[in-house]
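Structures incoming, each one as C-alpha cells.
Same chain, two partners: subunit A is paired with subunit B first, then with subunit C.
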Partner chain A sequence: MSFWEKLGKIDRKIIFLLMAVVIIIPLLSPLNLVGKVGRRTQELFRAIDNLPENSYLLITIDFDPQSMPELYPMYLAILRHAFAKNLRVIVTGLWVTGVGLGEDGLKTVAPEYNKVYGRDYVFLGWKPGITAVVLGMGRSMKETFPTDYYGTSYDSLPIFTKDITYRDIPFMVSLSAGVPGYETWIAYAQSRFGIRIGAGVTAVSAADAYPYLQSGQLTGLLGGMKAAAEYEFLNEKAGFTKAFKPASQLMDSQSLAHLVIMILVIIGNISYFALRRKR
Partner chain B sequence: MIPQEIWIWVGAILTLFIFSFLYGDNPFYRFAEHLYVGVSVGYTIAITWHNFFYPDLVVPLFKQGNLFYLIPFLLGILYFSIFFPKISWLIRIPMGFVLGYSSGVAIPAILQANIIKQMQGTFLTPDLLKRPDLILWGIVSLIGVVATVIYFFFSREQKGLTKGMANLGIIFLMIGFGASFGYTVMARVSLLLGRLQFLLRDWLGVIK
Partner chain C sequence: MARTLPLALCFIMGVLMACQFFIPHPLSQSFLDLIIKWVRIISAFALALGVRSVTLRHYERIKRRKGEWGFSVVTIVSLLATALIGLIWGVGAKSYLRLIFSNIMVPLGATMFSILAFYMASAAYRAFRARTKEATLLLIASFIVMLGMVPIGTAISPRLSDLAEWLLSVPNMAAKRGIMFGVALGVIATSLKIILGIERGWLGGRR
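For the complex of A and B:
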C-alpha cells in the first residue's frame, strides 16, 4: 500500500482520538485566541439594548437538550442582558422537551440580578398546538396561558398589568433548533401581528436563516456557539455580568478543531487526486 | 431528596455510554439510547398532563362545569376510535378538523412570510440603493437568486445565456452548500465540546 493509499485510509478511531486531544488541550490550558464580534450578533444585542426599561421581552425555548451546548449559553446571555436592562421577561417555548431548560435558565440567572418571579419575569411553560398557541398570543395572552407553568393564574401575576398581546411586546427572541422555531414565529406572529423578531439558531441551520435577515424579517441572528460567545463578550464589555461564560470557554477548542478538520479535508483531497492520477 | 451530584454522575456515565459508540455498537450505548427515548416520552406525557391537559381541559370541563369544552374533549376522544375497527372511520372527524384548520392558517401565512417577503428582500429597492454598504450584496443576491432559479428551470433546454446563467447558479449553490457544511462542522464540534465541558468541569472539576 502506497503512502497516499495509507493516508486515505486512516482508521476513524485515530481521527476521533486526534480530535479529542485537540479539543481537550485548550480546555485544560486556554490559548486565549481573539475573536471578532459579528455584525448580526451586534444587531441582536443592540435591538435588546435599545428597549426601554420595563418593556416586555419574549424569549421562546424552541430547542431541547440535544442542542443545549449551542443554544443554552445564548439563552443565559440574553437573560443576563435583559435582567441587567430591567426588562420584563416572558419565557415560553414550542418544544415540550425544552421546558426544563427554560425553567433552569431562569432559576440560574434571576437570582444574580435579584429578580422576583411573577413581577420581573414569568415562565409560561409549553402548550401543544404550535400555530394555535402562536396565533392565540396575538389575540390574548390570558386566554392562551390562563395559568403560568406553576399553575398560578394569569391575573395573579403582577408582571401582567392587563391582557397583553404582541402589540405590547416590542421584541422577541426565538432560540431555535429546527421546526417549530423562528420560522414559525415569523410566519404566524410577525406576518399577522408584526412583532419584531431576533433569532438564535444552531450552526447547522444558520445558513438557512440568512435570507430572513436580508428581507428584514429577522433583526439580528446568533448562529451557533461562536455567536453565543460573542454575546457573552458584549455582555461583559457592557458591564452587565461577570458570570462564567460557558460558550467563550470552548471557543479555543472550537477553533483548533476547525483547523484540524480543514487539514484533514485537504489531506483527503490530496490523497484522492494523487491516487486518481496513478490510476 | 437525591443530591444533585448523583445526577451529575448519572449524566456523566450515560454520556460515556453514548460515547462508547465511537468504538463500535455495544449494549451500553443501546441502553443509554433506549433510556433517552423512554425518558423523553415519559417527560412529554407528564408535561402535557400538568401544563395543558389538566389546567386547560380537566379543570374547566369537570371542575368548573364549562360544557363548551365538551367539543374539544369529544374531538380528542375520537382519535382513539382507530383502535376499534368498526368505528375507526370516526377518526376522520378530528383529522379533518385539524387538517382543515392547519391548512387554512398555514397557506396564507407561509405564502406571506416565505415567498412574498423573500421576494421583496431580493428586490433592489430605492432604500437599498441609497446604502453604499448594502448595494453590492443586494446586487450579488439578486444575480444569485435569478441564476439559481434559472438552473432549476427545466421546461426548456438550457443553451446560450440561460446555460451560462444556470452554470452561475451552480456556483451560487455550491457556495451555499459550502457555507452549510462549514456551519454543520461547527455545530457537531460544539455538541462534542458541550459534553466534554460537562465531563471535565461539572463532573471531574479539572477545568473551572
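For the complex of A and C:
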C-alpha cells in the first residue's frame, strides 16, 4: 500500500481516539476561546430583556436527553435571564421525555434567585394530544391544564390570577429538537393566536429555521451550543448571573472537534486527488 | 358501513375545521373549544391504545421466540416497571421515577447522541470528496459554516462567522424556502385527498 493509499485509509479506531482526545482535553484544561455573539442570539436575548416585569414567559421543553448537551444549557440560560428580570415563568413541553429535564432546570435555577414555586414559576408537565394542547392553551390555560405537574389545581396557583391564554403571554421560547417543536407552535399557536415565538434548536437543524426568521414568525434563534454559550455570555455581561457556564466550557471541545473533522476531510481529499493523478 | 362512516366523518370534520379557521364568530370559537376537548380525550385513549399495541407486539415476539426477542423482554419489563413505579410512588422531583430518568434515561440518551460525533468524523473523512464542482462547493460551504459556528473560527478570522451567517441567511434560506413551499403544497394536496376520500390508506391498508 502506497503512502497516498495509507493516507486515505486511516483506521477508524485512530480517528475515534483522536476525536476523544480533542474533546476531553479542553474539558480538563479550558482554552477559553471567545466567540462573537450572533445576531439571532441577540434578537432572542433582547426580546426577553424587553419584556416588562411580571410578564409571563412560556418555555416549552420539546426535546429529550439525546439533545440535552445542546439545548439544556440554553434552557438554564433563558431561565436565569427570566428570573433575573422577574418574569413569571411557565414551563411545559410537547415531548414526554423532556418532562424530567424541564423540572430539573427549574429546581437548579429557581433557588439561585429565591423564586417561589407557584408564585414566580410553574411547571405544567406534559399532556397527550399535541395539537389539542397547543390550541387549547390559546382558548383556556385552565381547561388545558386544570392542574400543574404535581397535581395542584390551577386556581390554587398564585401565578395565575385568571384563566390566561396566549393573549396574556407576550413571548414564548420553544427549545426544540424536532417534531413536535417550534414549527408546531408557529402553525397552531402563532397562526391562530399571534403569540411571539423564539426558538432554540440543535446546530444541525438551525438551517431549517432560517426561513421563519426572515418571515418574522420567529423572533430570535439559538442554534446549537454556540448560541447557548453566547446567551450565557450575554447573561453574565448584563450581570444577571455568575453561575457556571456549561455551554461555554463545551464550546472549546466543539471547536477542536470541528477543526479535526476538517483536517481529516482535507487529508482524505489529498489522498483522493493524489491517487487519481497516478491513475 | 365500517368504511363509509369514518370516510363521512373525515370529510365533515375536515371541511368544518378548514372553514372554522377563517370564521372568528363566537359560535365558530365554541365549536373549536368543543373539538379541542374531544381531541384531548381521544388522544388519551390513543395513548392507551399505543401502549396496548406495543405490549401485544412484543408479547408476540417473546411467545414465538422471534428474532432478538430478548430486547422485547427488556421493553416490556421497562414499560411495566416505569409505569408501576410512577403510579405507586408518584412523579415528583425526589421520586423513584425521577431516579430512573436521571440515572438511566439521561445518560443513555446523551451517550447515543455523543457517539454520533465519532461516527460523523469517520464518515466525513471517508465519504466527503470533492469529486465534482457541486461537491467542492458543498465542501467549501460546510468548512465555512463549521468554522463560523465555533469560537475558533472567530479566532482565525472575525469575518468567518459573518460569512457563515450569510450562507445560512441567503443561499440556504432560498433553498429551504423552495423545499418548504413544495412540502406545504404536498401537505395541502394530501389533506384534500384524505378529506375527499381519495386517499384511504389511513383506514387500514385495504382500499
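Note that the second predicted complex is superposed on the first by the 279 of 279 C-alpha atoms of A that agree within 3 Å, B and C clash if a C-alpha of one lies under 4 Å from a C-alpha of the other, contacts with A are read in each partner's own complex, and residues count from 1 in each chain.
Keep this in mind: a contact is a pair of C-beta atoms (placed from the backbone, for glycine too) under 8 Å apart; a residue touches a chain by one contact, two chains touch by 3 or more.
Since we're looking at a predicted model, the values are computed, not measured.
When the two complexes are overlaid on their common chain A, residue A:L259 makes contact with subunit C while staying clear of subunit B. When both complexes are overlaid on chain A, the residue A:A243 reaches neither subunit B nor subunit C.
When the two structures are aligned on the shared chain, A:A274 is found in touch with neither subunit B nor subunit C.
Touch counts on subunit A: comparing subunit C and subunit B, the chain ahead is C. Contacts of A:A84 after superposition on the shared chain: neither subunit B nor subunit C is touched. In the superposed model, A:Y149 lies in contact with both subunit B and subunit C. In the superposition on chain A, contact is made by A:A207 with both subunit B and subunit C.
Within the superposed three-chain model, A:I10 lies in touch with subunit C and out of touch with subunit B [touch as defined at top].
Touch criterion met: A:K36 reaches subunit C, while subunit B stays clear of it.
Once the two complexes are overlaid on the shared chain, A:L27 sits against subunit B while remaining clear of subunit C.
In the superposition on chain A, the residues of subunit A contacted by subunit B and by subunit C overlap at 16, 19, 23, 66-69, 97, 99-100, 127-128, 131-132, 135, 149, 192, 203, 206-208, 211, 214, 223-224, 226, 254, 257-258, 261. Considering their complex, residues 10, 12, 15-16, 18-20, 23, 33-36, 38-39, 64-69, 97, 99-101, 103-104, 107, 127-133, 135-136, 139-140, 143-144, 149-150, 192, 203, 206-208, 210-211, 213-214, 223-224, 226, 229, 251-252, 254-262, 264-265, 267-269, 272-273 of subunit A touch subunit C.
Touching subunit A in their complex are the following residues of subunit B: 22-23, 40, 43-44, 47-48, 51-52, 55-56, 101-102, 105-106, 109-110, 112-114, 117-118, 120-122, 141, 176, 179-180, 183-187, 189-197, 200, 206-207.
The residues of subunit C lying in touch with subunit A in their complex are 21, 29, 32-33, 36-37, 39-40, 42-44, 46-47, 91-93, 98, 101-102, 105-110, 112-114, 117-118, 120-122, 124-126, 128-131, 139, 143, 146-147, 149-155, 158, 161, 165, 168-169, 172-173, 176-177, 180. Of all residues in subunit A, those touching subunit B in their complex are 13, 16, 19, 23-24, 27-28, 66-70, 96-97, 99-100, 125-128, 131-132, 135, 146-147, 149, 151, 183, 186-188, 190-192, 202-208, 211, 214-217, 223-226, 246, 249-250, 253-254, 257-258, 261.
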